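Consider the two complexes below, in which chain A is the common component and chain B and chain C are the respective partners.
Entry: the complex of A and B
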């Protein structure tokens, strides 16, 4: 098992944002967390990536307890979070953004090759190489944010709401890319309000509601589940 | 050359050298501001403490450049210590809180300096012999050349550091977004103290230049320096390093020309008059960029 959380509870300010979250991710899987805005999805990712400290519970990564470690150590351990709202470094160029994604690495030659590899997968990044990232469109910024997160060569990529604020046709592009990354064998933990898209791309999924896991199972089964259909798939 | 023109050029060179010293102080102040959006009210008291230490070291048998370098390194350590002990614990509090902490840190440093060196003005040693260099009709003081050269060297050093080193590039990212930077694996809690260290380091270099230029040091010059750095940063654009640097030079030139042509009383007020006028028409400062506010 790659990642496992046991009874994670994390507060966001004074609010108890997630309670007793038990989940796991196996190597090579795509696991989705779906739920409404404010359900605690981002809090869970931030707890795993070290931006937030849980008040209770443990995060286990490849058999090692990593609870409460600072984010930079967690990146080095092989977990990379692509933040909600993309958060590209707007004042830096597209290329510099990608370089920063590889901050933990020292192999300059391989970093350059990786950048070229992602420029092939995301041609827009090559075209806009020396432009400021803030000038890209929302969808382009999302592509850049994903490529940047992959630059650390993570074992686990955590995507926080990759479809947020994007036009439906752009959402399709983003999910095509996620599909491609999946085929390359990267394990993905995906958090989404767009339940349909998330369930289509993932192997397993958890439904999170007011900070607790309400349902879990194979994604194809959850797609057929009446309660899920009603609450998250628009009937 | 026309005597009026000679007078003007002389004042301009004076202004540039005073401005160069302000610029060196302002660049550290601006860095610290841009990384945490915190007004570092202790900036002046940190660097004046280091400038006192430089004075002590200059009196020893060390070569002057080494004495100043050591004092600047130590000034950086003071700044880093203040960050670690006074600012970091309140980093996530309401932004008024770190400002008050900064005032507290400034008072503590000032009091310690007063206990050691006393409240009176002290004659500061000059770091190079005072020579007059004759260029045709024109005379330049060696002090002027030194301060312009040091300002140039500082901005060059700073540029190499921030633009071409890995840690400098990472610093630019931390300035843009702390959380996302740490998700890239950038050790944010190493970068922030380093920025404070640089602020103190450049501050002491500027402080030594100023004190030796005017041949005086006193604990009051700390707060005075904070005000100059703040004014330079406002003029040039808060959060923009080169803006702060150019703002410092502009401030020095304005002050010197105002003193020469409008009367000595205008020297200290001209900078603030300029700030009011500039902020009226360009709220982001002369060289600052407009910052998009996220909603």
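Entry: the complex of A and C
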């Protein structure tokens, strides 16, 4: 088991954001977290990536307790988060952004090869190589953000709302790319409001509601589940 | 000829331009032989070193540092006191001054990690006032407002930099060294990580940058450079007093960085040259000179918010011309729709 959380509780001040979250991710899996706005999805990701400290519970990564470690150590341990709202370095070029993604690595030759590899998966990034990242469209920035998080060669890629604020056509492009990354054997933890998309691409999923896990199961089963259909898939 | 085409032309002939500039600067003191001009050139270089230090913190780190002259002062006082009371050679005083300022930079950066830009400005401002209060009142060591007198001139291996021309070459070499070290540093992983932290803190954390560490390093490096400049100043003038390290000087350095362009070491040098030469040229205006600096700053912010050589990170929406351009476009679009 790659990642496991036991009874994670995280608060914002006095407000409980997530309660008793038990989840796990196996190697090679794509796991989705779906739920409405404010359900606690991003909080869970931030707790795993070390941006927030849980008040209770443990995060176990490859058999080791990593609860409360600072984010830069967690990136080095092999968990890479692609943050919500993309957060690319607007003033650097696309290429420099990808290089920054490899900040934790020292092997220059391999970094260059990796950039070439991802430029093949994301052709638009090759085209825009020397353009400032801030001038890219939302969808292109999302591609760049994903490529940048892959540059640290993570064992687990955590994607936070990759479809946020994108046009429906562009959302499809982004999910095509996620599909491609999945085929490369990267383990992905996906957090998404767009339940349909997330369930289509993932193997397993958790439905999170007001800070607690309401449902969990195989994605294809959840797609057929009446309660899920009603609440998240629009009938 | 627009500014962009000029910049392009210079960039295309980087090495020839650089060599010509270097030759001119090396030959200048021998050719000119004019006291005032040499003094102005020395001050340009002194302020260039100072504002390059601030550029690391303010321009590359995006942190509003109002305490820069305190680091400068720490360097000046440490170097002067060592030279007056010990037998250490100049080079040791000079380096220790840099280290002492760096230590203060480290100490000051720690509370600064917890606050956002505007409060950071206040904390660093408080540090500057604190420094001034200490050097003014600790008369046993600093002689308070009377200042330290008789600081020996700089010397290396028995060679004394006791004339203007000699000191000119000393500070010129230091300037070049500082410039090359800092420009390497800003292109190295540290500088890249620092700029990434400035541009997007969340993004920086997501790629595994320890953002606090970059900020601390920026303060340490910037303060150390200011400390070195302070040491040079003390040994050049031979006299230092608390007044030399007041808020005005911090504001002047900040102005230099903003005019020259945040995020550009060349900009720091340009700004230093501009704000050192300008008051000399408009000297006939007497007391109105203060206002001229203000008007120039306003114009820069309106017309070219990123400064003359600045990084686009600070351009915002392109200042007044950007606004005008957008407004024109909107009107044209409205007119087109009406037709």
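By our rule, the second predicted complex is superposed on the first by the 233 of 235 C-alpha atoms of A that agree within 3 Å, B and C clash if a C-alpha of one lies under 4 Å from a C-alpha of the other, contacts with A are read in each partner's own complex, and residues count from 1 in each chain.
In this section, a residue touches a chain if its C-beta (ideal position, glycine included) is under 8 Å from a C-beta of that chain, and two chains touch if they have at least 3 such contacts.
These numbers were taken from a predicted model, which means no experiment stands behind them.
When both complexes are superposed on chain A, chain B and chain C occupy overlapping space and clash.
When the shared chain is aligned, chain B and chain C each come close enough to touch A:87. In the superposed pair of complexes, A:177 makes contact with neither chain B nor chain C. When both complexes are overlaid on chain A, the residue A:51 reaches chain B and chain C alike.
Of the two partner chains, both chain B and chain C are touched by A:75.
Of the two partner chains, chain C is the only one that A:132 touches; chain B does not reach it. Judged by the touch definition given at the top, the superposed model places A:148 against both chain B and chain C. By the touch criterion stated above, A:101 is placed in contact with chain B and with chain C alike.
Taken together, the two structures place residues 49, 51, 70-72, 75-76, 80-81, 83, 87, 89-92, 96, 99-101, 103-104, 148-149, 152 of chain A in contact with chain B in one case and with chain C in the other. Of all the residues in chain A, the ones that touch chain B in their complex are 49-51, 70-72, 75-76, 80-81, 83, 87, 89-92, 96, 99-101, 103-104, 148-149, 152. Residues 166, 169-170, 172-173, 176-177, 179-189 of chain B are the ones touching chain A in the complex. On chain A, the positions that touch chain C within their shared complex are 49, 51, 70-72, 75-76, 80-83, 85, 87-92, 96, 99-101, 103-104, 132, 145, 148-149, 151-152. On chain C, the positions that touch chain A within their shared complex are 189, 192-193, 195-196, 199-200, 202-210, 311-313.
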